[in-house]
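Some structures to go through are shown next.
Here come two complexes built around chain A, the first alongside chain B, the second alongside chain C.
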Partner chain A sequence: MSTQDDKAKEVSADGVAGPIILFFILGLAASLVFGWIIFPKLLYSQKKQPIDFNHVLHVEAVEEGCESCHFFREDGSFSGIPKLEQCVDCHEDAQGEDPNEIKFVEEYVANGREVPWLVYARQPDCVFFSHAAHVKKAEMDCGTCHGHIGESEHSRVYEENRITGYSRDIWGKNISGLKKHTWERMKMDDCAECHATKEIGTDVETLPWPINWLPRPYEKQTGNQARVKTVKEACFVCHK
Partner chain B sequence: MKIGRRSFLSFVVGGAAGTAITPLPWKLTDDSSIWSQNWPWTPVPPDGEYSQSDSVCTLCPGGCGITVRKVDDRVVKIEGMKGHPINDGGLCLMGLSGLQLLYGPTRVKTPLKRVGKRGEGKWEKISWDEAISEVTKKLADIRSNGESHAVGSIVDSESGTVPNLFKRFLTAYGSPNFMTMPSIQDSYGMTLQLMHGVSAQAGFDAENADFILSFGSGIIDGWGSPVRMFKANSAWKANGKKVVQIEPRLSNTAAKSDKWIPIKPGTEAALALGLANVIITNSLDSKKISQSTGFESFKKLVQNEYSTDKVSKITGINSATIVSLAKNFARASKPLAICGKGQGSIPGNLNEFMAVHALNALVGNINEDGGVWAVTETDYIKWPELEMDSVAESGMQKERIDGAGSEYPHAKSLLNRLAEVINSGDGSLEVIFVSGANPLYSMPDSKAMKTAFDSIPFVVSFSSYMDETAGNADLILPNHVYLERYEDVPTLAGLSKPIVGLTRPVVKPQFNTKHVGDVVMLIAKALGGGMADAFPWESYEACLKETLGVKWDVLVKKGFEFNGDKCILEGDFNFYPEAMKSLSNFSPVSVEGSVISYPLILIPYDSIRLANGYIGDPPFAIKAVEDTVLKDKNSCVEINPKTGKELGLTEGRYAFLHTPRGKAKVKVHLYEGIMPGIVALPRGLGHTAYDKYLAGKGCNFNELIGPTEDPVSGLDAAWGIRARLTKV
Partner chain C sequence: MKEEGKHKKAKKYGMVINLDECTGCGACMVACMAENNVPFKEDESNKLDSIAWMRVYKLTNGKSYPEADICYLPRPCMHCEGDHGHSPCVSVCPATATDYSHETGIVSQIYTRCFGCRYCMGACPYHARYFNWWDPVWPEGSTKYLSPNVSPRMRGVVEKCSFCFHRYQLAMDKAYFEGRTELEEDEYQTSCTQACPAGAITFGDLNNPEHKVHQLAKPDNKHGGRPGNPNVFRLLERLGTNPKVYYMSSREWVRRAGDNYLDNEDFAKNYRR
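Then we have the complex of A and B:
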């Protein structure tokens, strides 16, 4: 009695092996497409800066490069994105015909309103970051972390993570978290590339890899004598 | 092709496998953790320009310098000012939590007029003009009826421009009833008055002393200027100096001292005189001082009445301990004795203060390094002479309602008597002003104080916070908090050198509040005539600038003014003033209640984590109170395990604590560090006002105790009350 049943099962099992593999592959492909292509699109919303800003034009017009507008205050703290007060020095009245310029003067300068710039590099509030320590003491240049922003003629679209509210620049453009250049990511692991390993007078080549526990054999000598590797109470140097 | 269950499952498995090799799971994990760090209710200081300004903390009489850190216009942190002569960078828990008093929910945001019943909490928002004209009308009526003396004021202290503006206001108006919140300063002041004939406060060169004998003073529990005492205590520890703590309870101070000697409470004066006896008998006294007036009588007193055996019986301390303590104290090179229990909010027994001062004199430490000096009251307030009209003249000739200056000739203010006088019908007030004080919470027998206030037709509070007194007022004219205003802060609090600090507006007023000094002047100006002439200044700030004169610039620049010289305690020292005669027959300061109905004795204790003056604990501070002090919204009472056994009370049980003045539900905490038969309850809990973080937590010690008048000073000398504990 039972023999017939067993046979029937065997047959049907043989018959579906093909579709099972096919569906497996379909599932695999669908999730890959979703995870790599659709997911990032869903995750980030796209926002335009209130004013399209031309860095090139400004860098040409000022004398001290980035520091002309992004300066250090007297107490050593960093001013970040300039406040209206600084812009007004030159832009009391509209300079030229550019619609962005006109919008800036009419909407913001005339009303004394700060421009609600979207900050690409804004870190979570728990992060303490001193620009002075990096720029003044370690003599790093702005581009190491911020890339070639000074060479941009238009403001990029600001992509905001819908879950965290932070800019896409922090995780990096590449959804996989990989990077080619130092400025392409600003997560803690990227800070740690120097801070976890860099002894006095050594430099670390950037790994194209966001994970901290991999060995880092690429240290090379530099002239800088500042100690970078954070040892005792390391967490509290950046997390106040 | 049939899509069956298996196909579907394999699709899902394929999907899962694929998902695992996309960034999706890792990215979502990371993002959700960041999302949870950024919940909108997590307070985050804004980003902006950092700045710092130096000011003074006024949350207790300590006078610490503070450095306030701001981001743009928002205060984000209060730190101790580095290099400040009192606290040099240190800060206590209250000082640190000051921000919550600036931004917290307990602020009164605009002038309020009561609309419901008193204390019901129904208010109408009114403008400053309305508020001031309301007060002015009342005052004008009372004055024209010749009742000017029926207006009184209660302020936190008597020094500084704001208290003096109130005093001047009342004088010009015609009322002697300027009252201040009591403290040990009253007793120290009176002691110096009686024994030296000078008007000054006692200053202690604590840092340089090498043997500190404390009669229950909470050296690290908030006595004197708290941060300064903390620092002194650490320095003593580091340099091997000795601290002996005498009190019936193992307080934090006692626990950190070199020797803790439990004593029957209320007998401290006898111990001081007993020690004096041993010192004199063993010729260990300073020869210089024994030439002083009254020495022979003092010597006779201690030798006849305070023999070691007798003192041992009175105090419960064994004779050998008394003798060795006296010898060690006298032989130390810089001995110093201090008194005033706990944080010093109760003035205490004058005999005890005089006996302790005599002990200091005996070992020759007056005007010596590590000894007792004088700190004189503020001397910069030199305002033009008041021209009093006939109403003011006759009003000022009336006796004060509290009996200070008449019944008790040495006293300046006896707020502890006010409730009793009013409630027994011996006196009455028409209007009371309350500024920088919260008498309905912090005066002993606070319920009786409330009853007294209930019979005062017009109560005006100048409080910045909705405290108990403000909540029961008819009108609240909210003052700026200390971080929003200029004010001079002369600090006496046992410092060896006088210091004046200046609070400054580190942020602009957050609400529709006004400086109390300005309000007083506005009312005076609205009253017109001599009242207006008494206040020739345009504003409080103008008055302060003119008053401080050259000091103003220094204060604005540094935040404090300090010349670094100690003041000599002048006058001819008298070992045995008239007032000490009652010591010829020692009787301990009595406690209220009968032994039969109340077999135990309840004493209060103070903690550096509990504010018990004008301010209540801010949310941050109340969180720091231990479970053995406040548990599940109940105050804990400390009793000795022996007492617990007798009463059948075990750790953590609920009990009712009864005293002749009140009853409260408490939790039992068994503690070896308290004498059997004594119950200790923390001060600073049991608020009914302020915010939800403080109100309804624990019980108010002041509802359970009443004042005991000191026979000489008239000040409150109550150190405890008889009590009973019953099971719930």
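Then we have the complex of A and C:
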């Protein structure tokens, strides 16, 4: 009797091992697919801008580049996305045949309504950012943080995180958090990439490096004398 | 010598409040609440619950007519420097939610870092810190009056006067825009300073001999910022917190009220040496 029982146990163990391993492999694969592909799709809603904006067309038409529309006011504050007031300077009437411009003039200019643009770079309310310090004092390019937005012919889809309500541009497109360029993500770590590494007096440009805790393989010395490395007392500069 | 050059550049923003001119009207309190999105409560008289970054206290000399005298004392955060910048609140905070800035001399409060242990409130000898027991409730429509430059606080965090730090930053933005890195004295003033109808509050950089606060208080930085003007005193001077808010009064009993002096104690000895 006992021998029969042992055999039965062995048989059952052999028969179950295969399906269990298969179950785990399939489970792992399913989790990965869910976590890396399905979850991001569920997490982010796809929203269209109210008007499809062509940056290329506008940059060609204006004289001062980005600052023609995204300008500094006299008090040093930054205007951000232009208000209707600035657009009307040129677009009181439609200048061409483009259906987006006609829609803009008919729906917004004629009614004096502001365009409800979806702001890709919107940060939480507790985050304060000084454009003057970065663009005027440190003479940084807009593209360092905003990328090649000036070279876009169409407005990108605005992906809103359904839980936090913030744009996907903050977390970055890549769900793993890896990035190749400085403008691909706008989290605090990305600010810290400059503010934690650039030493006092020597301005070291750290080339984009995806993983923060790994030592950076190369750093580029630049001529600019600037103090941007922040210590803990500097929290108040952005969070107040 | 290098050190000296470095020190010259560092700011030490502070205040001199002339108690002889203060009428106790409370305009500074109102201006402060409006400027800094300070929430108000249904029952503001409940002092366990209500919040006032700037609070006006009433002092009396305890004598009867005709010697009876009163004095009003506005109390913002003192922005203590202490020895090596160890303000009482900064050294107890386990979350680094409050810190002393060696650039401006302002003690910060980072609401997003604070988790509400309230050690700082216990440590602060001036009762300048307040706890949000509740989320702020803004009457309908009044959110439109909130300042976009200061984030409103949620329940469970501590808040206090920031010397209107956002105004410093806005002034710096303007300076950067105009290609400057230094501010004029009148470019950065706190809300309470500007609101005071009696002009009792003076605000500026205590390290800058050209600023009025320096001329009034004559701070002696080698001795913990001790005031050189005999009419100027600080609250709880003997604690060594090196507060950056100086009070000025020609009345001796008012100056004596600044600390717990004994009746026969020569309090002025704390200011000599």
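We adopt the following convention: the second predicted complex is superposed on the first by the 208 of 240 C-alpha atoms of A that agree within 3 Å, B and C clash if a C-alpha of one lies under 4 Å from a C-alpha of the other, contacts with A are read in each partner's own complex, and residues count from 1 in each chain.
Criterion: a residue touches a chain if its C-beta (ideal position, glycine included) is under 8 Å from a C-beta of that chain, and two chains touch if they have at least 3 such contacts.
On a predicted model such as this, the values are computed, not experimentally measured, just so you know.
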{"item": "Combined model on chain A: chain C and chain B, fit or clash", "value": "clash"}
{"item": "Contacts of A:K136 with chain B and chain C, given as first, second, both or neither", "value": "second"}
{"item": "Partner contacting more residues of chain A (chain B vs chain C)", "value": "B"}
{"item": "Chain B versus chain C as contact partner of A:C90, first or second or both or neither", "value": "neither"}
{"item": "Partner chain in contact with A:H239 - chain B first, chain C second, else both or neither", "value": "second"}
{"item": "Partner chain in contact with A:D125 - chain B first, chain C second, else both or neither", "value": "both"}
{"item": "Partner chain(s) touched by A:S77 [first = chain B, second = chain C, both, neither]", "value": "both"}
{"item": "Touched partner set for A:L57, first chain B, second chain C, both or neither", "value": "neither"}
{"item": "Superposition clash, chain C versus chain B, among 4-12, 40-48 or 94-102", "value": "40-48"}
{"item": "Chain C-contacting residues of chain A that also contact chain B", "value": "75, 77, 125-126"}
{"item": "Chain A - residues contacting chain B, complex", "value": "16, 19-32, 34-36, 39, 43, 73, 75, 77, 79-80, 124-126, 161, 163-166, 171, 175-177"}
{"item": "Contact footprint of chain C on chain A as seen in their complex", "value": "72, 74-77, 125-126, 128, 130-133, 136-137, 232-237, 239-240"}
{"item": "Touching residues (chain side chain B, partner chain A) in the complex", "value": "1-4, 6-8, 10-19, 21-24, 26-28, 30-32, 34-35, 37-38, 44-45, 47, 49-51"}
{"item": "Residues of chain C that touch chain A when the two form their complex", "value": "96, 99-103, 106, 108-113, 149-152, 162, 165-166, 169-170, 172-179, 181"}
